[in-house]
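Report on the structure given below.
Going in written order, the chains are labelled A, B and C, and every chain counts its residues from 1.
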Amino acid sequence: MKKKGIVSLMLLSLLLSLLTACGNSSSTNASGEQSVIDAGAGEGATELSYWTFVELHGKHFEKMLEKWNAENPDRQIKLNVTVMPYDDMHNKLSIALQTGTGAPDIADIELGKFPDFLKGTPQLEPLNDVIDPYRDTIVKSRIDIYSKDGQNYGIPTHVGASVAFYNTEILEEAGVDYTKIETWDDFKKAGEQVYEKTGKYMGTADTSAAWQESMMLAQQGSDFTDADGNPQVNTPEMVKGLQILKDLQDANVISTIAGGQPDTEEAYGEYNSGNYATAFMPLWMMSRFTNYMPDLAGKIAIAPIPVIEKGMPRSVGGGGTGTVVTKTAKDVQLAKDFLAYAKLSEEANVEIWNTLGFDPVNMKVWDMKDVTHNPENEFVKYFKNNPFDVLNEIRDEIKYVKSVPASPTINNVFCTVTLNEIFEDGRDIKEALDDAQAQIEQELQ
Amino acid sequence: MIKRFLYSQKVAPYVFVLPFILVFLIFWVYPLGSSVTMSFQKITLGQETEWIGLDNYTKLLGDKIFLKSVMNSAVYMLCTLLILIPLPMLLAVLINNKFMWGREFFKSSLFFPALTSVVVAGTVFRLMFGEMDGSLINSFLGWFGIEPVKFLKGQVTGFIALLALATWRWLGVNMLYFLSGLKSIPDDYYEAASIDGASAWQKFRMITMPLLKPTTIYVLTISIYAGLAMFIESLMLWNGNNSPKNIGLTIVGYLYRQGIEKSNLGYAAAVGIVLLVLAMTINMIQLAFSGLFKKED
Amino acid sequence: MKREAALNLKESTATRSKKEISLKILLFVLFAILCGIILIPFYAIALASFKPGEELIRYGLNLKFDLSVMSLDNYTYLFTGQHAYFTWFFNSLLLTVVQVALTLLVSATVAYGFSAYEFKGKNFLFICVLLIMMVPFEILLLPLYTLIFNLGMMNTYSAIVLPGIASAATIFFFRQYLSGIPKEIIAAGRVDGASEYGIYLRLILPIMKPSFAAMAILNGMNSWNNFLWPFMVLSDERKYTLPIGLKTLLTPYGNNYDLLIVGSFFSIIPIFILFVAFQKYFIDGMTAGAVKG
């Protein structure tokens, strides 16, 4: 009879749990909630929900919310932050927006996915009016990549200026002075010296990210897409850029890396072990260094990227997250105002540098010596030279690649197929690019 | 009145099977039906749905990546059949041998990997087959003076990793299936054969193999199904659905990519229907060949 | 067989037993090596659970036993750190228990309906059961996803449990089992005046008990490791099951490898204990589905 008791007890608990599971769903719908940030909000505060795939972004909002609630006692906010994995969050957001149910008020959308959310009539609120007060101080191109037909739908987090990260320990061992590297030819000579003296590679030939191709195209004033947004990946400029990289690979200057590009956990390990001397990455790579490569503290120097010919622009913006307000937001104006405050105001941009280690879009911050050169800042401490010295040197040279509906497809084909064929299998560059062009066109049909 | 109706011997069976009917209608017939419908449509969520006839299917035929995924799934399925049927059968016969020491222990050890989640197993194998010289497989190869291999970047080596994962997880399970099949073969058959002076191989050929046929058919059927529908193994081994040059992309992976990652629901539905037809056809042919439909068997 | 050998080949018994012993050793060595290989991944992950995550990232998963980098830090973090691991663990446990109990009950009921009665449409319905076993569930992912969405069941455990509640394989197995139970029991029950449902609940269910263990294990294994469908349905971190939670640790946006590895290893331990305790049932359960010769 004991058994019977257990069975009925079990059944009861099941039913109860099922019921509670159902009950929860009706109130939260498609979204889950992870943490509610009160940040000193009072009784009458409006509750807004926010989805992100980067936990730190939530932390940043938490800091800004405290200030907002103190400054706006009549418009206080409680923020529900949900952190989901990258793919999962974008997939769920996309479905929620298109079906018109279950979307949050505010959400992060990564640049690579952004064009998908601008298809047709975007289910996002235009943010022009709240951006306007800050427009003169922020980098225009970072707003443009989240825009369609003159409407700005996303608020940027950083510039993502690409730079070179040099491991000076390896370079010194090989007798190379990185400050003398200006062109790819210089880089090649230095790299050959490094390989000869230390047996280590100077840099990486990326196969799972297209940062390097962006840099090469920007230097030549070209892009992945033409003026009408059509893919053009087999242009002479692209061939030339890849040819330079391939040539470096053949000379043992650069080599493919575990993980396929510097921003992967396998590659962090390779760098931390000192197997590669250079990473060409957007500036946000800094936080990867401080988080995952503790052994390199004090050894990494930041410098402009080599160019094909002197005088060409030395940087390009890479990656990024646009924060959006959805059409179904409870209080659109409140969400927009808070968002602009939390990401575009001067305080916000100082905070973005301090806690996230990003190059803020508000250029005024770049000139605030006490902020950028604060000796207590963990990023200032970690790197050999100050990142803002380099940023200010190249600030007028930061180009950007267009983000258009075709971009996600182009990126996908490049990072899964084309770059692998070229750098892993040694396939002919022009052939691989022609195939890529055909594949992209077919997929976009 | 209602009570008497419900309690009658005529109605009772329907009450018993009602849960199945409901589940079947709601969670199988309806989704399957809408899958078929969707495969003839161009669906942009939140916008008008367009009927486009067979366009999705004709597009699939010319879609190199889809064909690649079909190829991958088919090759994977074939390889798992070639490895995971003869090998477990042989092991079952060996372990069933009366000269076997520690049978129960070995049985359990070989079976245990099946209990680990694919998420855990896939991650462990991804790290084991990492391309650094220090990772497990490469350091092992290093003892024999073999250069480190970039396992997960090559078609063949990538499949080696995939198949290693599959073998690791299913070897013991399939062995158990064959063992339970062996149990049903009476001992006197072997004794009689011994008296006739049959060799071990002859006994295996003439008694074991034919009498294991039902088990083999069962294992074959579930392996075909599992092989064609494989997805999570690839997802975990490459830590995402985008393997280099799509070497690990499977049919279900492509369905997931189109349907969930790109919101091309109609196109993804067509991929699903092709998979369904493929799985049904192969299984029907297999069952017909192995004579399951013959009354005599 | 032994008797035969003794009778016919008396003089060669000595060589025979020598042969037997070498055969024994050969078999033992063969299986020992095989098990060694099979167990390597477990050993590797057990070892890694004592190493810091960055060690793993830098050198890959390996078998280096290096006490200088090994510590119990990961375990301390697992049991005292700020994370949702044990929420996931509990969720998985709850979901598995719920799912197994409901699935077994419902499937057994359906199977009884199929086995005890003759009724119109029975054959057709049973063919449907067999058909389900052949349709790859994965092709239904998208329509099912939209269906669950429209029903407002996103992010609920009901959405995970309900579609599989009448499990075809389990129905099939129970029906096979029930076909071995004499029909006289049912007839006797009717004579005693029991209702149709009373017969099932009081007479048949108790007889089916032994078959429940096997099916509980089979369904339990599937449920504990179930990934794709729950992954699509659940979006609230606090509702994640263990496999989903562990997968979310695989993002480049957080230094989670410490927790990932120790968590993965720890997730195997309870199954291992259950397995050691109920080995026989596990093995019977696995083979229960196989067609009997």
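Just so we're on the same page, a contact is a pair of C-beta atoms (placed from the backbone, for glycine too) under 8 Å apart; a residue touches a chain by one contact, two chains touch by 3 or more.
Just so we're on the same page, UniProt names per chain: A = Arabinose-binding protein; B = L-arabinose transport system permease protein AraP; C = L-arabinose transport system permease protein AraQ.
Since the structure is predicted, the reported quantities are computational estimates derived from the model, not experimental observations.
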Chain pair, B-C or A-C, that carries the greater number of C-beta contacts: B-C
Chain at maximum distance from chain C, centres defined as averaged CA atoms: A
Where chain A and chain B are represented by their mean Cα positions, the distance between them in whole Å: 38
Centre distance in Å when chain B and chain C are each reduced to the mean of their C-alpha atoms: 16
Centroid spacing, where centroids are CA-atom means, of chain A and chain C in whole angstrom: 40
In chain C, residues with contacts to at least two other chains: 58-60, 247, 250
Sequence positions of chain A contacting 2 or more other chains: 95, 99, 266, 269-270
Overlap residues in chain B, where contacts from two or more other chains coincide: 130, 132, 260
Residue numbers on chain C that touch chain A, as the complex places them: 54, 57-60, 94, 97-98, 101-102, 105, 149, 152-158, 161, 231, 234-239, 247-248, 250-255, 257
Chain A - residues contacting chain C, complex: 10-11, 14, 17-18, 21-22, 24-26, 28-34, 53-56, 82-86, 88, 92, 95, 99, 101-102, 263-266, 268-270, 272-273, 291-292, 294
Residues of chain B defined as touching chain A within the complex: 44-47, 59, 62-65, 130-132, 150, 153-154, 240-246, 260-263
Parts of chain A lying in touch with chain B, wherever the complex brings them together: 87, 91, 94-95, 97-100, 116, 119-120, 123, 207-208, 256, 258, 260, 266, 269-270, 412, 415-417, 420-421, 424, 439, 442-443, 445
In the complex, chain B residues that touch chain C: 7, 9-10, 12-17, 19-24, 26-28, 30-32, 34-35, 38, 91, 94-95, 97, 99-102, 104, 106-121, 123-125, 127-128, 130, 132, 134-136, 138-139, 168, 171-173, 176-177, 179-181, 184-185, 190-191, 194-195, 211-212, 214-215, 217-219, 225, 228-229, 231-232, 236, 239, 252, 255-256, 259-260, 265, 268-269, 272-273, 275-276, 279-280, 283
